Every structure is written in C-alpha cells, then in structure tokens.
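Presented below is the structure to which this report refers.
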Amino acid sequence: MPVRRLVLDVDKTVSEPDLIHLALVIEDVAGVEAVNIAVTEIDIETVGTNVTVEGDGIDVERLIHAIDRTGAVVHSIDEVVAGTYTLENKPRSR
Amino acid sequence: MPVRRLVLDVDKTVSEPDLIHLALVIEDVAGVEAVNIAVTEIDIETVGTNVTVEGDGIDVERLIHAIDRTGAVVHSIDEVVAGTYTLENKPRSR
Amino acid sequence: MPVRRLVLDVDKTVSEPDLIHLALVIEDVAGVEAVNIAVTEIDIETVGTNVTVEGDGIDVERLIHAIDRTGAVVHSIDEVVAGTYTLENKPRSR
Amino acid sequence: MPVRRLVLDVDKTVSEPDLIHLALVIEDVAGVEAVNIAVTEIDIETVGTNVTVEGDGIDVERLIHAIDRTGAVVHSIDEVVAGTYTLENKPRSR
Amino acid sequence: MPVRRLVLDVDKTVSEPDLIHLALVIEDVAGVEAVNIAVTEIDIETVGTNVTVEGDGIDVERLIHAIDRTGAVVHSIDEVVAGTYTLENKPRSR
Amino acid sequence: MPVRRLVLDVDKTVSEPDLIHLALVIEDVAGVEAVNIAVTEIDIETVGTNVTVEGDGIDVERLIHAIDRTGAVVHSIDEVVAGTYTLENKPRSR
Amino acid sequence: MPVRRLVLDVDKTVSEPDLIHLALVIEDVAGVEAVNIAVTEIDIETVGTNVTVEGDGIDVERLIHAIDRTGAVVHSIDEVVAGTYTLENKPRSR
C-alpha cells in the first residue's frame, strides 16, 4: 500500500489532545516518517488544524484510528498521494 | 504512447469511492508512477477533486475506465503532457 | 531553424479533436520533444487551450498544419523562443 | 521525542524580556539548534512575536517553562513538526 | 561591448513581420545567443510584444536596425544588463 | 553569543549619516559578516530604513551603539536569529 | 571598502544619456562587475530607472560622479550591501 502523503482536516478541543501528544501519536503509526500539524483556527472551545503526514506505505486505517483515540476528530481527507514518488497537485488553469 | 501527465476533474459522492481506494486504483493502471488527489470542494452529497497522474506512457483509456468503475465521474481532462520530458504550461503574457 | 519553444492559443470543439490525440499529433512533428496542453476555458461547444511546445528546431509550419488537420484552430502564436538555450520572458518593470 | 520544529505565538512587554535575551534563553534549551523571533506587532505596552524553534528532539516542556520564566507569555503553539525530517505544511486546496 | 541582456518594447502589424521570422532575424544578429518574444497585446491591426534578448556582447545598433528592417517598430529599451554576469533588477523597497 | 541575524528598524535624517558610511560602520562591528540597508521611506527630513545584519556571534550592544554614534536612531529590533544555523521565520497559518 | 551592491533611483531625459551608454559608463567604474538598468517610468520628457550595481569593492563616489557626468541624475540610494557576501533585505513581519 504505497500511500506517501495524506493531508487531513482535524479538529480538537482547546485542551484535548495536546498538540505535541497528537504529533507523537501520529508519528508512531506504521509507515509514518514525518508529521506537520498547523493550527488554522482557534475558537473558544475548539482548535482547527491541517495535518500533513508523509511516509512510505502509511497505514491509513491505523492512522485515523490513532487520531480518533486521542479525542481529536478527522473531518476529511483533503489530499492523498500514492506511487513511487511524492507528486504535487497541479491545479487546473481554468 | 508517451503520455507523461494528466490532470483530471473528477467528482465522487461523499462515501463512494473512498479517496484512498481511488488513489490505489489509479496507481495500479499500466504506465502510472504516481498520483495526487486533491479535494477542491465538499458539498452535501458530492466531493470535487483535482487528480494529477504522472508516469511513462500512461494508458489513458484504461485509466479513465478504472476511475469510472470505482463510481467516480471524470468531468474533463484539464492538462495533458506528452514527450521525452515533463513540460510545464507557460501561460500567455496578455 | 533553432526554434526552441512555441506557445499557441488553440481552440477546439468539445468532442473534436480528443486532447490526447492532439497531444500525440503535436508530439509527432519534426523537432518536437515535449508538449503541454492546458485547458483554459470550457464553453458549451468549444474548449480553449494553451499549447506549449518545446524542442530543438521545431518545424513551425508543419506543427501548425498538423494541428489544423485535427480540426483544432490556432488563433495566435503567443510566445516564440529561439537560440542556443531556452530564454524566459523578462516582463518590463513599468 | 522527535520534535523537530515548533512555532509559538509569544507576547512580551515592551521592555521585558529583551528580545536578544529571549532568543538566547530559547537557544539554550535541550534539543534546540536554532531560533527565529519575528516581531509581528508593536503596541503601546506589549510586543507580539512569532517564535520558530528547530532542533532534534526539542524538550517542549522545558522550552515553554524557559520562555515563561523570562516574563514572556506563550499564547499558543501554532505548528508542530515531528519525525525523521522537517515536513512543511501542505495547505488544503479547497 | 559587454551587453548581456536587452528587453525591448516592440510593436508590429498583425501580418508583418511573422513572429517566427522576427525571432530568427534577431537570433542572427552578432552576439545574440537566445531570444524570447512574448505577445503582450493583440489589437485589430497591431500586436504588442516584449522582446528579451541575451548574449555575450550583443551588437545593439545592428539589433535595432535588424528589427526595424522587418517592419516592426522598437518603441523603447526597457532593460539593459552589462558586465561579467547577468544581474537581475532589484526593485526598491519603498 | 550565537546571534546570527538581526533586522532593525532604523531612521536617519536625509543628510546624516550617509548610507554608505552607515553600512561600513555596521560592517565593522565584531561578528558582523554582511549588512543590507534598504530604504523603506523618504520623507522631507528623514529616511526610514530596514537594516539586515548577518554574522557569526554578532555583538548586539556594540552594533546598536555604533549605529547610535552615526546619528541614526534604532527604533526597534524586528527579528533575531540565534543558533547553529540561520533559521527563517515560519508565519502561522491562521 | 567592501560595497557589494547599490540600488539607485536615476532619472534621465528621453534622449540623454542613451541607456546603453549609461550602462557601459557604470560598468567601467572601478569595482563594478555587473549593472542592470530597468526603466520604471516613461514620461514626456524624462525616463525613470532603477539601477542595480554589483561588484567587489564598488567605488561609490566615482560611480555617482560617472553617472552625473552622463547627464543623468541620481535621486537617491535605495539599497546598500556591504560585507563578505551579498545579503538580501529581510522585510519586517509587522
């Protein structure tokens, strides 16, 4: 299963889980080599993040399960890259 | 058939097909080396994506057929690259 | 004839020619090494494209003739590069 | 603990702590290799900064504790990177 | 005479000269190594272009004379680079 | 003291000090390897500049003292980089 | 005198001096390695330019004197770089 990158829309409450904890849980999933969590919105009770995960054969089911168990919520998968190299999105020109 | 890159406008329903499944089906087509699926729009029932596919001699007919069989819909081909290297679009200056 | 790059404004009908066919016809012209066709507009009956062609000594007359024979229409040449290397346009600063 | 980068939203009063002092205190924390403090806002009494910290296994608790002791206030963690390399955030395309 | 780059504002009528012809005439001038002609405006009777020329000791007088003889009109020189390497313009920060 | 970069907001009168003199005075401070002074505003009596200084262990106190002695005024330090390499600011994504 | 780059705001009349002549005069000054003259404004009688000069120990007084003698007018120095390498301006983040 050659999944090389996932971009996820993930929300959490302000206190739970701790961002560092979330990063380390993701980094621990089979096939994950690096994770970037960027906070995109801070509201009174929730924090919205954009989670970028890269690796060589990321175990997607375990990844989403691991995030769910921390108390964070995966709203959507926003990008998937698979194959022999990490291909960037080429936006259409119209 | 030296097709090196295709950019496709692909829609799917929220549940069918799973984005990971779609990526793996595309990655499995003859000549495909890497695929990037970027979600460009989420509506109540449908999800719009921009699908970038690169390879060395992509079998375009099989690619579109493979996408169709997952239940997703190819609306248009938005970019084609063919030749001995991957040439970028040079937008006109007027 | 050291033409290294051409950018063409090309229109076609929605069905004719097929974009893949157009790319392969262009790629087959003497001196052409790579082609990028980017769709810039989709109307009810016509599709507008920006066609970038690179090579070493592109046979421009044959190229335009080959495009015409597919049923597509070359509206204008928007960029020409000639010489010992591929020079980019430097837009004026005023 | 493979934390490679942290981006922090840090406020301080105009006089306390001195920016140079703050940078050197951060740079002294276990695992920190480099720090960038960029001033994003100057008000009458406070200065807002964006603090970027990189290293190999940053000790996050000590880092935040060290900043607190200078009199500056950590408002939020805005980005966390963990793993075998420093992965950039890939913003979603919708 | 170490002129390395010229950017020229050149107009022509829609039919005369042919852009390919103009590029080949410029490419033939002493000291010219590469030329890029980008169309910046198409009016009913005239076509405006931005002509970038690079080389090692471009013969500027002959270049302008050669363009004039094709029937095109040089409106202005918009950039000149001279010296031992091709230096880019650094726009002022105010 | 491993300060690698400072960005300073510095004002001067139109005539005093001469920008070249100011650059050379800064360049002469212990630990400074390079300086860039960019004029950001010209008013009737004063000139606003953005001063970027890089080096290996910049002596910040002497630097600010040296600038003060030329008659220029340091309004604020806008960026500090310290550590084993020159880390760029990563702006937050919200 | 380790001045590595100067950016100058220089005006001239439409006819005097010729831009090519101005470039060659600047290129001839002690310490100058390359010059870029970009036209930023064309008025009825005057032409505004942005002049970028790079070298290793540019003789600034002679440079300005040489420009003055061509009939062009140096309005201001907009950037100075000095030191052991060419440092770019880092704009402040506020």
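The first chain written gets the first letter, and so on, giving A, B, C, D, E, F and G; residue counts start at 1 in each chain.
Here is the rule we use: a contact is a pair of C-beta atoms (placed from the backbone, for glycine too) under 8 Å apart; a residue touches a chain by one contact, two chains touch by 3 or more.
Keep in mind that this is a model prediction, so the values were computed, not measured.
Enquirer: Mind listing the chains that sit against chain C and also against chain F?
Expert: Neighbours common to chain C and chain F are A, E, G.
Enquirer: Please identify each chain that touches chain C as well as chain G.
Expert: In this structure, the chains that contact chain G and also chain C are E.
Enquirer: In the touch network of chains, how many steps separate chain D from chain E on the shortest route?
Expert: 2
Enquirer: Matching residue numbers in more than half of the contact pairs is the bar here; say which of A-D, B-C or D-G clears it relative to C-G.
Expert: Checked against C-G: the matching pair is D-G.
Enquirer: Between chain B and chain F, what is the gap in Å from one C-alpha centre to the other?
Expert: 50
Enquirer: With chain centres taken as the means of their Cα atoms, state the distance from chain E to chain F in Å.
Expert: Here the centre of chain F sits 40 Å away from the centre of chain E.
Enquirer: Take the average of all CA coordinates in chain D, do the same for chain F, and state the distance between these two points in whole angstrom.
Expert: 22
Enquirer: List, in ascending order, every residue of chain A touching at least 2 other chains.
Expert: Residue numbers touching two or more other chains: 38-39, 42, 50, 78-79, 89, 91-94.
Enquirer: Edges wherever two chains touch, nodes for the chains themselves; is that graph a line, a ring, a star, complete, or other here?
Expert: Looks like something else, not a line, ring, star or complete graph.
Enquirer: Using the touch definition up top, name the residues of chain E that touch chain G in the complex.
Expert: It is residues 1-4, 60, 76-94 of chain E that touch chain G.
Enquirer: For chain E, which residues are in contact with chain C within the complex?
Expert: 5, 7, 9, 19-20, 22-24, 26-27, 32-39, 42, 50, 52, 54, 78-79, 89, 91
Enquirer: Using the touch definition from the top, list the residues of chain F that touch chain E in their complex.
Expert: Residue positions touching the partner: 38-42, 50.
Enquirer: So in the complex, the part of chain G that touches chain D is made up of which residues?
Expert: 92-94
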